[in-house]
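Lettered A, B and C in written order, each chain numbered from 1.
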Amino acid sequence: MMRGYEKSWSLFLLFFILIILNPVFSFSQEEEAKNPLFNREHLNVLVMLAVFAVFFFYFIFTARKGRPLYLRKIPGVNAIEEAVGRATEMGRPVLFVPGLDDIDEIQTLAGIGVLGHVAKITARYDTPLIVPTRRSIVLSVCEETVKESYTAAGRPDAYKPDNLRYLSDEQFAYTAGVDGIMMREKPAANIYMGTFYAESLILAETGFSSGAIQVAGTASITQLPFFVAACDYTLLSEEFYAASAYLSKDPQMLSSVKASDYFKIIVIVVLISGVILATLKPEWIQSLQNWF
Amino acid sequence: MRKELDRRWIFLTVGLVVLAFLKIPFAVKYAPNEKTRGVYNAVESLEPGSIVYLSIDYGPSSQAELLPMHEALVYHVLKRNLKIIAGSVWETGPPMTDKAFKSVAARLQEEGISKKYGVDYVNLGYKSGNDVAIAKIGTSIPEAYPRDYLNKPLQEYAIMKGVTNFDQIGLLCNISAGAPGARQWLQQVQTRYNVRMIAGVTAVMAPDLYSFFQSKQVEGFLGGLVGAAEYEYLLQRPGFGMAGMNVQSITHYLILLFILIGNILYLRERARKKREQEA
Amino acid sequence: MIKVKIPIFITIIVGIFMIAKFFLNVLWIKAVADELEQWGMIVLAMAIVLGVANILRVNLKTALKKGKDWQYKLVVVISMMGMILVGLWDLAMRGHVSAGSEFQYLFDVIYTPLSATMFALLAFYVASAAFRAFRARNVGAALLLVSGALVMIGRVPLSAAISGYLPKIADWIMAVPNAAGQRGLIIGAAMGVIATGLRIIFGIERPYLRGE
């Protein structure tokens, strides 16, 4: 017998499928026949994605078999745990900023992945965790993430909903709000993980002046120099995407990092060959260039 | 290291130097680079009557850096008898568009040139949805914006006659302070519809556009207040960009001085520690 | 279990439609994907209600109880409600919140100077961060210091008055080593995006859904 909530979930799913398939019936076959089935302009992307997927699923398969995976250490990832530990020792809160973009940005999701692990540690040590957000949807996802982490750590009672706060959608109002939290509530560890813009240095410098240990992670390339200058540790670009996999220590998650490393070798080979070919300029280079 | 100098001294020095050099003039020389010239040449290359689509994706926070180039660009375009359709995917953008149109129209009036809203330029207002909104504007401008900034139907305006998509647009220009901005316009519109594009961005974002300039996806771009000043110089129309160059030049040198002092202190400290260890 | 499996299933379906739309010219797939995008936009826009509710819950509670920093919380609530009411008033009376409206007036006289001030803080913070962090600790840091200094010098017109070479050197640093490094980081980030995207689409990473 299905339980009540299971039944309602199943009904919701059925409803979802029916609705998304609704536009399917509004097109005639003739309209469709006008276009070629496959978008040839995106063939290069498809080939690359397929190669990546092969690595991805191969390493997941080997991880499931229990074969150990070696990955180099990333100092910034260990620093996250250290920073939370220090805040606990000092009896002060941890501040986690999940970036400024909405949930449709992959950096925000990567940041929330890290938040899940940070919340588990703060739950274990009973350290307050403050999460200010700029977008309402990000707030609800962060609420769920932190709540789940506290439950997983066996401390659902320690979860404080008032510590997860939506501040403002406006960039500098949000920045002022986060700066205010830093100055008034004096967190001992500031963790910035997500997309950042011009406010990055304003946040990191205020955090520095409040004496907090600071760890940042972002793929916003124009803001990396500011974080490197003002934070104790910075996860650069792809290190940031790999951070939640590192922290989870889950073989399946780690295998995706391994896959992207192997794929990178292919990209490097293609790049070097491209440079050599572009320098030598054989006649067939133009058609190859067009393909890419 | 954290206790060596109260940073408020640095703040005070920067503040005083900026205030002082707002009034003290000295000689500067403009050498507009190929990116700035690219913007200038792109506007110059358009036939009179062509339409420029201007996406204003910044707000009052970055107006000190972006409004001068925004006004210079609007001035250049209108003076050449081109038309401007301006939209925004930032909710803070439309008031900036309004501000620039009003000040440039007044300036042109002083020069004896009359420009009319709805005929020579129009402010479409804000479209929500970030990247998806840009893609939608790319598909159809009137569908994305059925009404303008003042909530009036677009059909009422002469400038919008015959404009359906980017086939009727001679040049796409984006002035932005973040995302969605130049990169998103490149991805969603420039590449898909092969539109000629130029951009203006904050100095921090400028390094992001070098690759797109090298691949000729943007014909030119203005980076920060320096970009605006160089552009004003090319137009022979001094504005806030050129007026700010004294302060910007001196502040750059001041920061260099701070870096130098910081390094001297650091090296002295390191030598002292080394001596102590040896002793 | 079903509480976890169904959201993952929805994520996979939506993810597959989005990928398929990119590669295939099949109208019904495009239509479904467009429909899902519209849903996404509506959900994102409607979520502002959650944000407003959170602001009211967190701040009003403290303000009414006169808890720690209650004055600030009261200012937040009054400012937010004030702007909302003025906006609604303008919409009812004028049909827009643009030029000439009271909403625009508040935007010009309060919001504009406040946000411009926050942005202007950058000038001061750049100076203090440069003073503290730009140090020749080793060969790498020294190289960074020299190239940073050259770019700073070369980017302002005062330097062009000193020597015509200074802007050229700055431009070369930006166009060659800087662009090369940026491309490396962009390519690396793209791998990270694909890996993270696949982890999320296939339900391997789901930080908000652990409640088995």
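The working rule: contacts are C-beta pairs under 8 Å (C-beta built on N, C-alpha and C of every residue); 3 or more make two chains touch, one makes a residue touch a chain.
For clarity, every value in this text was computed on a predicted model and none was experimentally measured.
Chemist: So how do the chains connect up here, line, ring, star, complete, or something else (other)?
Modeler: Topology of touching chains reads as complete, every chain touching all others.
Chemist: Nearest chain to the global Cα centroid?
Modeler: Chain nearest the centroid of all protein C-alpha atoms: C.
Chemist: So what's the Cα centroid distance for chain A and chain C, whole Å?
Modeler: Those two chain centres are 14 Å apart.
Chemist: Report the inter-centroid distance (CA atoms only) between chain A and chain B in whole Å.
Modeler: Averaging C-alpha atoms per chain gives centres 30 Å apart.
Chemist: Could you tell me the distance, in whole angstrom, between the mean C-alpha positions of chain B and chain C?
Modeler: Computed value for the inter-centroid distance: 18 Å.
Chemist: In chain C, what residues contact two or more other chains?
Modeler: Only 40, 111, 115, 118-119, 126, 128, 130, 132, 134, 182, 186 qualify.
Chemist: Indicate the residues of chain A shared as contacts by at least two other chains.
Modeler: 102, 104, 170-172, 198, 221
Chemist: If you look at chain B, which of its residues touch at least two other chains?
Modeler: 7, 59, 61-62, 207-208
Chemist: Within their complex, state which residues of chain B touch chain A.
Modeler: Where chain B meets chain A, its residues are 2, 7, 59, 61-62, 92, 130-131, 177-179, 202, 204-205, 207-208.
Chemist: Applying the document's contact rule, which stretches of chain A touch chain B when the two form their complex?
Modeler: Against chain B, chain A makes touches at 101-102, 104, 170-172, 195, 197-198, 209, 211, 221-223.
Chemist: Spell out the residues on chain B that touch chain C in their complex, using ranges where they run on.
Modeler: 1, 5, 7, 10-11, 13-15, 18, 26-31, 33, 59-64, 94-95, 98, 125, 128-129, 132, 149-151, 203, 206-208, 210-211, 214, 226, 229, 245, 248-256, 258-259, 261-263, 266-267
Chemist: So in the complex, which bits of chain C are touching chain A?
Modeler: By the definition above, chain C touches chain A via 2-3, 6, 9-10, 13, 17, 22-28, 31-32, 34-36, 40, 43-44, 47-51, 54-55, 57-58, 61, 69, 72, 111, 114-115, 118-119, 121-122, 125-126, 128-130, 132-134, 182, 185-189, 191-200, 204-205, 207-211.
Chemist: Would you tell me which residues of chain A are touching chain C in their complex?
Modeler: 5-6, 9-10, 12-13, 16-17, 20-24, 26-27, 31-32, 35-39, 42, 45-46, 49, 52-53, 56, 60, 102-104, 106, 109-110, 112-113, 115-116, 135-137, 139-141, 144-145, 148-149, 151-152, 162, 164-167, 169-173, 175-176, 180, 184, 198-199, 201-202, 204-205, 208, 219, 221, 224, 226, 228-230, 236-238, 240-242, 244-245, 248, 250, 252-253, 256-257, 259-260, 263-264, 267
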